[in-house]
Amino acid sequence: MPRHPWDDDKLHEECGVFGVIGVTDASNFVALGLHALQHRGQEAGGIVCHRPDHGFNSARRFGYVRDNFTSQDVMETLPGPLAIGHVRYSTTGSKGSTAIRDVQPFFGEFSMGGAALAHNGNITNADALRRELIERGSIFQSSSDSECIIHLMARSLQKDIPDRMEDALRRVEGAFSVVAMTRTKLIGVRDPLGVRPLVLGKVADGWCLSSETCALDIIGAEFVREVEPGEMVVITDQGVDSRFPFRRRNSRFCIFEHVYFSRPDSIIGGRSVYETRRQIGVELAREAPVEADLVCPVPDSGTPAAIGFSQESGIPYAMGIIRNQYMGRTFIEPTEQIRNMGVRLKLNVNRALIKGKRVILVDDSVVRGTTSRKIKEMILDAGAAEVHFRIASPPTAWPCFYGVDTPQREKLLAATMSEEEMREHLAVDSLKFISLDGLYRAVGEAEGRKDDCPQFCDACFSGEYPVEPSDMIEKGFELKAAE
Amino acid sequence: MPRHPWDDDKLHEECGVFGVIGVTDASNFVALGLHALQHRGQEAGGIVCHRPDHGFNSARRFGYVRDNFTSQDVMETLPGPLAIGHVRYSTTGSKGSTAIRDVQPFFGEFSMGGAALAHNGNITNADALRRELIERGSIFQSSSDSECIIHLMARSLQKDIPDRMEDALRRVEGAFSVVAMTRTKLIGVRDPLGVRPLVLGKVADGWCLSSETCALDIIGAEFVREVEPGEMVVITDQGVDSRFPFRRRNSRFCIFEHVYFSRPDSIIGGRSVYETRRQIGVELAREAPVEADLVCPVPDSGTPAAIGFSQESGIPYAMGIIRNQYMGRTFIEPTEQIRNMGVRLKLNVNRALIKGKRVILVDDSVVRGTTSRKIKEMILDAGAAEVHFRIASPPTAWPCFYGVDTPQREKLLAATMSEEEMREHLAVDSLKFISLDGLYRAVGEAEGRKDDCPQFCDACFSGEYPVEPSDMIEKGFELKAAE
Amino acid sequence: MPRHPWDDDKLHEECGVFGVIGVTDASNFVALGLHALQHRGQEAGGIVCHRPDHGFNSARRFGYVRDNFTSQDVMETLPGPLAIGHVRYSTTGSKGSTAIRDVQPFFGEFSMGGAALAHNGNITNADALRRELIERGSIFQSSSDSECIIHLMARSLQKDIPDRMEDALRRVEGAFSVVAMTRTKLIGVRDPLGVRPLVLGKVADGWCLSSETCALDIIGAEFVREVEPGEMVVITDQGVDSRFPFRRRNSRFCIFEHVYFSRPDSIIGGRSVYETRRQIGVELAREAPVEADLVCPVPDSGTPAAIGFSQESGIPYAMGIIRNQYMGRTFIEPTEQIRNMGVRLKLNVNRALIKGKRVILVDDSVVRGTTSRKIKEMILDAGAAEVHFRIASPPTAWPCFYGVDTPQREKLLAATMSEEEMREHLAVDSLKFISLDGLYRAVGEAEGRKDDCPQFCDACFSGEYPVEPSDMIEKGFELKAAE
Amino acid sequence: MPRHPWDDDKLHEECGVFGVIGVTDASNFVALGLHALQHRGQEAGGIVCHRPDHGFNSARRFGYVRDNFTSQDVMETLPGPLAIGHVRYSTTGSKGSTAIRDVQPFFGEFSMGGAALAHNGNITNADALRRELIERGSIFQSSSDSECIIHLMARSLQKDIPDRMEDALRRVEGAFSVVAMTRTKLIGVRDPLGVRPLVLGKVADGWCLSSETCALDIIGAEFVREVEPGEMVVITDQGVDSRFPFRRRNSRFCIFEHVYFSRPDSIIGGRSVYETRRQIGVELAREAPVEADLVCPVPDSGTPAAIGFSQESGIPYAMGIIRNQYMGRTFIEPTEQIRNMGVRLKLNVNRALIKGKRVILVDDSVVRGTTSRKIKEMILDAGAAEVHFRIASPPTAWPCFYGVDTPQREKLLAATMSEEEMREHLAVDSLKFISLDGLYRAVGEAEGRKDDCPQFCDACFSGEYPVEPSDMIEKGFELKAAE
């Protein structure tokens, strides 16, 4: 299953969620919504639905939505006006040998009826919760942190499911955007900090919930508003009911959603993601100008920032690197070694264009740095005169514990090297990252970052974690020393 | 199997060919080469190889190269230092229910040994040749026109296979770039007009032949030169031997290879395809300027021309349409009709960007016009103020009979409508195609088209067929009336 | 997936269980054991195993053991010296759309470690137990009655797993032969009546548990003894420990295991199953003699009784009906109706042999009677002079609630018809069932059935249920009226 | 794909053929017919059909008929009132890596229309014919000997297809029962000796041809007669036309069809195959009596002869060996060696029955002897007092070149050992084969074999080849020295 070209060397959003109520064949809508959210999780997907005379039905599959939830055979088993779905990368569940039982939504049968639940985010006290629940006799089906929520709900003394969900989520720490359903209700919740996104849409006579607005577009839904941090919406055929079960806090939305995770055609915080990224390029060109002949994006995620950089700098934009549309990762290497073969399966340098030129390469981030090295080599092999890297995010120096798949801290290039050391490591003519303030400006905070009360979660850049990652600390993770 | 987003509404190159000699595990090279040529044929692929102690082996499969020719299991059955391969769309063979036996390379066992053959192009007298061969007792395995060549070879009185191939190809009319192999030789031939491309490369101690240079890059081969129109190269471990078996004629390379078929990172006629396409955009901006706020490509094939148009016009370039990386074509439509659902699976409009703007959309061609209509609707739905189409090729008014899959003439929008009628049909604010002369200029012919002796095959635009399509005429096709 | 030829018209054993401890690669032994027990459950199979450094691993699959648990790829994921497995028909779980989550063994993680469990039998108070457990916050993964056991174990206050299992099983009513495992123990239990079989074997330096002895033979294990009714054996590398956690009762082994369920090469109660069946034929010949030319078995289950009938009566034994070894069930019926096509896919009459003959057909049982009718028609079509049915079991008039898949009572031919009515319904020259006493004699009870204290469970014949089927009674099932 | 239990150690019939004309959806009949002939070829199957408005269609697949030709999807692609089919073991084509192109029927397009052809038998001068045809320019698609026929037909100067087929078959030596079709005709031919079987049946308003009568039964067809040795029948909607294109010779039907190849419910030469085999057992009991307690068949092919032996000798018949109905061949052997594991997957000894008994084992043939050894060991392991082998055919000392898959002569136990040596090799108490005369008597030749003019082909026993195996002699095979 081919992925983004640089999957090995990117941070990954780990999940996308989608739900719809009040339409005919809700599962078809969910399948389309998940397809539009596939970039948030390519490994597996699941749908649960309900129809009064058929009860709950579900399907969980490894692989792409387009391969699993498109045939009449499968979709006929998923009838009804109410459905939720989930796509995932490998999550905190068993890495490597992920089992199908780790694929969400999770389902539980309670005495007042069944409920299903799909979670985007990560629960930072899941290990402790799991131990406690097992001690009391719960049997876990999966290795996923998200399953804690459904067991907490099963043991709640409340009489109806939304109340049980409140009960459960008040025990949970970390980041969560949850879409859930009962026989008659579609429920959406965001954690008090609103780390992960969740939006509300209107489609025909029904309603939908989605991680991003791009999934509203595919089903022709109207974007109504974002679910607010700390808000729970309970949607029935009577309409949308809003509650705020948690203590209010200042929101800390993930700033990396703007940089890379979200699709460029989504709208976040009232802003076009594409436009924000283009603006990052503009800021970069201001912060770190350099003389050159061409501005080239590292496809595809570097493209909007490269356009912005070109427009601000006046240096022509060009497609110096062409992405293979039929990506693969598993070809057998011919006996004679091909330099950077893995890269060549995904990209090719536009040799005739690059030769003799001073090239600015714009990329969204540097994680391990392995890919950046290979691209630089390909560009030089093609005869470029100079190579300058411009990165549309600050150095990624800290792991994320809120639902993003990051390498261990020691694998992050920026955790162990200064900018100049990284430049030497990559052996390029220059390397510049956008500043944290520059990034905040590009995202619309004209004053930059308020250090005493940051407007976003930027833990991956700053090491400041808005929710203490307690399970990880127990396992030995060391927080940034107070200064 | 997802394809280009507008597959239904594009002309398709029907084949790509690749061959290599003198390397260890030649099939692995061929698999990589075919992967790089996958855009020339996505439906099926095949590889034939030879090793002295294993004889000839082959594998033919439907689907992508990356799915079929990447496992150890398959590739171990394809040993040896000499191999050729082929990727194809559905060709002139049985449409719809294409059989695996139509998948090339074709193989024939002759008294002096076996030979395999892969063909890019189309034989315009194949029906007549087939009738004649059957009459004499040949049994055809496939419905492919290309099989005629191997039967003609089987019946040749010549003693060695290259000579038999000359014999056979002198009976053949039409367009052909052929890669063939015997137990010890790799052979490449282009028809006298050189309609389809074929290039020669050097890799390690061996040689390779490929439809395009982008496939040389993936295996780290050096681009040596194009095989010339009318040339046959016979490559052994002694080196490359060149012959010219046909009567010399002026070459007529397919100009649409520059416009759409070839990959932007390939080099044709010494020119970067990407740069040629950008130059088409420049010419378009000169020929058909218009006031607007944004220049947006129709992804992905319109991108280089859109960049050129933006640079020449000074109107900002923007990604107004975002392509879904996980394309699908088969989702089940929810009961409530979604307008243009098929399009939405592949593209989404960047609504926040487009709203209220005057938008120039740059596309490579208009064939049936069905897709252009849908894109226009999506753009207007998103609130664009004006929509102007600029097309990087002249109106496509005639079918191709030289190895390109085109609709019947009556399905071509430009065959029945004037430019203004097309504009009305598409209901856009303006619609302009580049002129034939403008296209020739962009391709490097500063003087434009020499009408008495055109430098390219442009039959799809001009209706002037450099080789008479005799089978088609027999079936009732009417040539353009002489003026 | 082809099954026994008369699957539609037979009672089915619903499960087979197998476990092994103290051997290298225990899963390979379990795979072989399950293969030998495949007749007890053809729909799906599962294996759970444990190795200290790999923890628990499992695989659950639909289809035959030979297709799922034979490849290196699968078996390498199942390492360790301790493993259990299960094969099943559709059980009391969701009929029709059985989900993979209904496939056993079931697994639970407890605070003192994990345990897995495979169950042959049926829990007659499962509905009530499930309601109670859900009320307390347990979440069920499956629709299987067997899952109750693992949830009861999760909530037990006992400190080790065998003690928790005792706790759990004392709450359970019905029939159960359970094989379970912890990280270091293999556990086997039979319900107090010992309705379903379970045997203990010795293999190399380890031990195994199996539903039948035929599965000991395939792995070269020595048959040690049957696990006794009401006994729990806990096997570690220290040896076999035996307990009797339940109140002692007289055993009531399922007599139908002798008639049909068990394989003829198994040994039950110290007797060869084959020999018991042959003896049933002998008893039948004594009880219901008839003049005829040939004794033919209905293949394959009628064969041993037919041999016995022939030997006792002196009428020659012959293969009048030949079974197709490549059975199928899904051929498309040609437009012209073929009489009894479904039967013809599985059987063919030996026409040249049957023609003009008086034929005795020996079958093991009559359930719905649909198959018996079709066979009779085929025999008559082939020209038989007379057809006499002799049935190796008494009339099946009552459903089984102890782990056997039986039609509802009203679908059982013998529930609504007398023997003579059945004869008329089948339109045969004569029809005779063995008497209940005759069957008991054949099984070794020289005195026949002790009606005040029957030696076996024969509820399907007698309507006397040794354990009250409480869930079924709640659903409206009516017990036989007391006389 | 499981096969007969002793596939490694049996001779195999290599093909079965079936054809039908004049019915609706002929392919469905062919699928059923091939299913009934599956024992003649389990590796692959193919169907070709014709309907005037759809032309010829075909499907060729590896695996069982029941898995490939039963779905609506496949069968809908095979419409029309006329169809032929073929099942095959690996034939003389490329062993091991059999390609799908070797799967029959073969098809050729001639100037007067297409023809398809399926062949049971073997062409003994195929190598010479192939060389000649290639020299003249024919291109072979397969490595099958049968393809020669269609190329000979393509080159015939005759005007219609049956005449071309006569032309072709007069050049062919060896054994052939051919079923062929044109757009309007169903054709059947047997070689002059009639080595392989072919029968004619009547079904509804149409006709069918089949290798055996058992395939007539499954579709409810009436058995009309055998196609005669040297006869060609040409069937149209006008009826059956018979011709005799070859010089008349005495027929030499394959006697091994009676012993093993044909199904017991087929009728050959007016005799029930089952009854013939039972009679072989009777003859064996007369020729080679022995004192014993039980007569047990080696399942399943030894069963009829064992019944006959028991009836003649008065020694009780018993199922001492039970065959596993769910055969497999690929289980991974547990680390501790299991003796004769391969055998255990297929068979199990009825230990309780065998223990302490003197056992006569009746098998149909001994080829390599490997299986006989393993069975003997299992029987002794189970505690048998004595083991006596009785074999229902004479010693197999010569390979077959007429369409049966036999090991090379040096691998045949009887080629290198006397009966006594074989007994010692197998280490049994006694070993007796039926005599050639005894076999002839059982097949109905009361006088036994006429040595100067044998009534059957018995080359595998006698070394007397009725058609010179010229290709094999060229490759070094040595005929039996004249005495």
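So that you can tell them apart, the chains are marked A, B, C and D in the order they are listed, and the count of residues begins at 1 in each.
As a convention for this text, a contact is a pair of C-beta atoms (placed from the backbone, for glycine too) under 8 Å apart; a residue touches a chain by one contact, two chains touch by 3 or more.
Predicted model only: the values in this text are computed from it and were never measured.
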Fewest touching-chain hops separating chain B from chain C: 2
C-D against A-C, pair bridged by the larger set of C-beta contacts: C-D
Most distant chain from chain B by Cα centroid: C
Intercentroid distance (Cα basis), chain D paired with chain A, Å: 62
Distance between chain centroids, defined by C-alpha means - chain A, chain C (Å): 51
Between chain C and chain D, centroid-to-centroid distance (C-alpha), Å: 37
Junction residues of chain B - those touching two or more other chains: none
Complete list of chain pairs which touch one another: A-B, A-C, B-D, C-D
Contacting residues of chain B [partner chain A, same complex]: 2, 4, 23-25, 28-29, 31-32, 35-36, 38-39, 42, 64-66, 69-72, 75, 203-204, 214, 217-220, 263-265, 267, 271-272, 274-275, 278, 300, 303-304, 307, 311, 316-319, 322, 324-328, 330-336, 338-339, 344-345, 348-353
Complex contacts: residues of chain D adjacent to chain B: 77, 97, 100-101, 108-111, 131, 134-141, 150-151, 154-155
